[in-house]
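Read through the structures below before going on.
Consider the two complexes below, in which subunit A is the common component and subunit B and subunit C are the respective partners.
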Partner chain A sequence: MSANASSLFQYLEQLKGTTFGRLYQQPSTTFAIFRRMLPHLAKTIVMAILYMPTPFLLSDLDIWIKPTAKRDKDQAISILRSLHIVLRDASPTISLNTNFKNSLRLALEGGGDHNSFGVPSTQPPPDDIDLGFLDRYARKKWDDILHFVVNSVGFSTSEKGSSGPKQSVKDLLIGGRLVERSGVTHRITQAGFTFLLQEANAQVWTLLLLWLEAADVASSSGRGLLGGLESVDMLSFFFLLASLEHGRAYETSALTEARKNMLPTLVDFGLVYIPPANPQQFFPTRLATTLTSSDTALRSVSAGFLASGEGGGGGLGDSAGDKSSIILETNFRMYAYVQSPLQIAVLALFSELKFRFRGLVSGHLTRASIRQAVDMGITSDQIISYLASHAHKQMHRVAASTRKPLLPPVVVDQIRLWQLDTERMLATPGFLFKEFDDYKEYVAICNFAEDIGVVVWRNDKKCMFFANKVEQIKGFMKDRKKSNESK
Partner chain B sequence: MVRAIKGTLVECDPSIKSIIIAIDSEKNDYIIEDLDESHLLIKDVMVQRLKEMLEERLKETVPIVENDSDSDADVK
Partner chain C sequence: MNHIDASEHYDESAFTGQTPSLLTIIIDTNPRAWAALNDTLPISKAIANILVFVNAHLAFGNDNQVAVLAAHTNRAVWLYPKSPNPDSVAGPDSQDVEMTGVDGRPSHPELGTSANKYPQFAQIETSILTSLRSLIDNTTTFDLKPTTLISGALTIALSYIHKTSLAFEPSKTSKDPANPTTAPSATLAAPTLHARILVLSVSDSEPAQYIPTMNAVFAASHARIHLDTISLHGMPTFLQQAAFITGGTFLSAASNPRGLLSFLMFGFLADAEARRSLITPTQDSVDFRAACFCHRNVVDTGFVCSICLSIFCEVPENAECLTCGTKLALGSYGAKPAVIPRKKKKKKRINGINGREETGSATGTPVPA
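Our next item is the complex of A and B:
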């Protein structure tokens, strides 16, 4: 699981069991969750018990898995439980959620008339729509949104011909506190900066989850402003979009009324394209079809960078498709061959830019500039990975020929040190567990918490530990109490 | 009976911890529990305020070196 999966995971984790029951009615949703959200071991376990006629004994599962991997197994089971894929009960067997089982079988075998994977349009698509067109379209839409966020910093980056995102999208960004309204202008927030440096895929999910939350709030307050959209249905529609084929036309009429109402907003995000000549068709763009793929090659890795350098075929996240090429010297100077105001603005977030020429900006990384970035919530690792993923070809060449790291280690270390300077303390929200009845109880609960990976600090002498998540510990304590009473 | 106390775990050097304790000693409204020489449990709502206070204290004691990069600063 990567970083963008984690925000989605957090959202899913707090949903109710009944909600999952409805989500898992859709084969596409089930398949997407299976593909995207589960670690390898969890996938293996699911596949192994998918076609078992009888419940599977947990003790048999222990035989399959090496004792050294117990921790991995416990984490896998805990993830399966929290996503309601295996049933949460204290019985000595595990079995799959019925809806999940049926839907995953359907997804794998094909068949059924659920139309869960979209209905391809029978009409011929317009000639001028090809992969390149859709990529350009999606990139333009998404850049507009990023521009709006960056512009709120106050850098003068307004580009001619770019109208900016729709008001509804702006409201969403403001509502999600990515930007704050101060008077007439907008100001970017910490969350906004983190958002900017994320991969395109993670950014899309962030925005979609904001939309879901906004819809939740609207429906619970009964305003119905969003056309009575329901977050469960919206979520399964996202997963449906993710399973569609890039560059293919799909039938709009096969969608339910609620989903048709979602299309305009998705058009605003750049996730789908509807040809003006034929509103009966919609095209998912690359932003939509990569939603659940673990292929993160949109911006960060060098593959995306190379692809965009060779004519902008892939690398959607690489804004405006320009060869963003940064040269970083050991004396903390940075030269960046960039055209796009968006990227110059991003560079200005953490460096002191001195000169701007046509197609080139140069600047310094200084203590003050890094500190300013850190104060705004950007981490040193984000800066370093940004620099690394946008490094110039020449940097790669030199690094390869001299067998040295890509970025000068002295600069990388210094960026980290500068951040440490500002972070004298590491804060983790969560719960402190103490006053256990006896040592045995402490050890049992603390070891369980350690196995599922939520313990941040423990002190065996004082019988206390600190965990950053409690839901599963609570469940474990309840089960433990019950089994103690029944003894 | 087990108790779960909501709060923020703060991990820091012992030297920083002593400054935090000094800040807390004025009103005792930051620290919930002193865990060990490098860990404290702090009230959730006070974390941001504590960071600011700490920053202020450090400014007084730690000198800030200007231009500690780019030794050949010929361009101004």
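Our next item is the complex of A and C:
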């Protein structure tokens, strides 16, 4: 589980059980969800019971897992339940969703005729399409979208000649409230800043989820705006794209009609490329194939960008610099190996840039610059997570070898303090639990909630606690009540 | 100092992600043993099970890596990835040539064309199957020995793991000169790559390989690499010790080789990260017998050089240690101990439960208080 999986996780969590049943019919979707959404221990548990002929007792699970790791176990089970991977019944055994089980087995073994890993094109690909070309193409498309968002801040970037994203993409960004229309110009919102400061992978997911929600709204209101697309099918198509091989041609005709209709929009996002000479083929770009990658893999992907970008011109150089490029020192100085005006504009949102060299900018994080960012609606957590996710390789290495935090703690603290200067409240939507029958009940329920990691605040004296998710607790309270009654 | 900066409250787990893990599988391909197993578990089925296991490992995250080796009767062969230097021992390497695709583009028209398989899985499967087939084709009746060259495979696996982990380690070239402690020795650093070795053993341990095997095992233990073993046939004594020494898992599936996949998925899939929160199967008894350095016999009791700890099954010639050349004094070995007759005391013995076996010595082993 990574930070940028959380928005996808939230989306998945609110889906219905039957929807999951249909999602899990596709091995590629199942595989992607398994790989992307589950914590490590949950994966281990799933794999252990995948080929088990008999049901697995929950009590056996308790024996298998060390008592010290109870918290991890509860969290793993909770996530497995909320994704409908293990059945939600109260039986003493733990068993996998039948669709999930069959699909994951198929994914591991191969075979079947589900064609869910994409049908490769039999025709020879055009000669001029190689990895470098696809990377440049994807980068160009994506930068256009980012430019549109950044430009709405008011920073003028020097890059000209890019026509900007298509109107449909613009509408999507406006509909998702990443930018607001104010008169003729557009103004960025706080969600837009969050979007800008995310990693590319998380940005792609944010946009895809916006698209999904737009499709949901369109289908529920009866308008055939997006050609009657269904969100489940769209979602499993995303996961299918993620399992394709970068730089390989795939057959368009093997897709269903609905999915074919999705291709133009995906082209607008830069996730796939369709050669104009041969619309029978489509190429997934790196943005698509890394959809379900973990963070560390993305770092190596950026290395891949770098390797293929040598000789590929400046356009790729900055896509390599886009990741793993910032060095932050304890004296609040920041050095960033970036070239693109876009990246520099993003950095200028929260830092005071002093020098610009070829391929390097350096600047300070100051109280004034952070205040300015906070005034624009950027939070300190967003800045910190941006710095962390774009930290230079060397920062990662040193942090790993010295077992220290990635960013200098003093700087992280100071950024937070500077923000606290301006705002002193943090709103968390959630539920307050109070007026328990007795203290014992309070302790039991609160501890359970703490174990699954949903408690935001608790006060043992007043027997109250506040949780940001309620479904699991509801189930727990119901079970508890039942067992109390049966006693 | 470390406590003052209170860095514990920085929850950066979201940024670090999961540590990649490298699984090296050594498949014992002893033809005799597989022939003996053919009724219950033919090698084709075993390989299919292993492939599912490999895929399961890779499914954990796309930075997980896998390497597969075959330990044959007379050599160790790479199955996946391809050997970096295609040696001539394996005969004509026609398949090596066809595997290196066209201008680096991952487009192998001959493999992975199925839309029903994850591309990476198809690639590994093809590589393992072609290498294994060429290995089988190149095996002559002359090679049919009852034991397997496991130490060679272990050594290759260790060097591969070392090479791979170097790629993940912090670079040592750009060390901060003002603060040389920023890059402490590798033993202190958090591992950036979880590596482990799984041996699928079907044959007995060869006493002649005792020393090279144990050297490899201690190297693995030093590098904190778990050495797991699943034994389908035979009694791999040394691998049992290896699992004990390196903190790995040893399971014997000899009673039910058909359940190989379940054994693998349940017992061996968890990597070092998951094992921290799992209780791994332990061995109730480990055969700690060593092989002597002089005749490679497995011995229960023997002679140990007091200088270099070499083990001998009999007194070496001239009582000189064969390893370090020290002249050993044997004391009064062979002399009849002067036995002082003790008064016969009738001691009630509850049969066997008394614990200690009849060792011939009147006093027990001294136990620290």
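Keep in mind that, in the parts below, the second predicted complex is superposed on the first by the 384 of 487 C-alpha atoms of A that agree within 3 Å, B and C clash if a C-alpha of one lies under 4 Å from a C-alpha of the other, contacts with A are read in each partner's own complex, and residues count from 1 in each chain.
In the analysis below, a residue touches a chain if its C-beta (ideal position, glycine included) is under 8 Å from a C-beta of that chain, and two chains touch if they have at least 3 such contacts.
Source: prediction; values computed, not measured.
When both complexes are overlaid on chain A, the residue A:65 reaches subunit C alone and has no touch with subunit B. Comparing subunit B with subunit C, the partner in contact with more residues of subunit A is C.
Once the two complexes are overlaid on the shared chain, A:73 sits against subunit C while remaining clear of subunit B.
In the superposition on chain A, A:109 makes contact with subunit C only, not with subunit B. In the superposed pair of complexes, A:277 makes contact with neither subunit B nor subunit C.
Of the two partner chains, subunit B is the only one that A:459 touches; subunit C does not reach it. By the touch criterion defined above, A:429 reaches subunit B but does not reach subunit C.
In the superposition on chain A, A:477 makes contact with subunit B only, not with subunit C. Taken together, the two structures place no residue of subunit A in contact with subunit B in one case and with subunit C in the other.
Chain contact summary for the complex, subunit A toward subunit B: residues 331-333, 354, 364-367, 414, 422, 424-437, 441, 445, 456-457, 459, 462, 464, 466, 470, 477.
Residues 1-13, 16, 20, 32-33, 35-36, 39, 41-42, 44, 47, 51, 54-55, 58, 65-72, 75 of subunit B touch subunit A in their complex.
If you check the complex, the residues on subunit C that touch subunit A are 5-7, 10, 12, 14-20, 52, 55-56, 59-63, 105-107, 112-119, 121-122, 125, 169-171, 174, 182-184, 189-190, 192, 261-262, 265-266, 269-270, 273-274, 276-279.
For subunit A in complex with subunit C, the touching residues are 2-3, 27-28, 31, 34-35, 40-41, 43-44, 47-48, 50-53, 63-66, 68-69, 72-73, 106-120, 125, 130-131, 243-248, 254, 292-297, 300, 385, 388-389, 391, 394, 397-398, 400-407, 409-410, 412.
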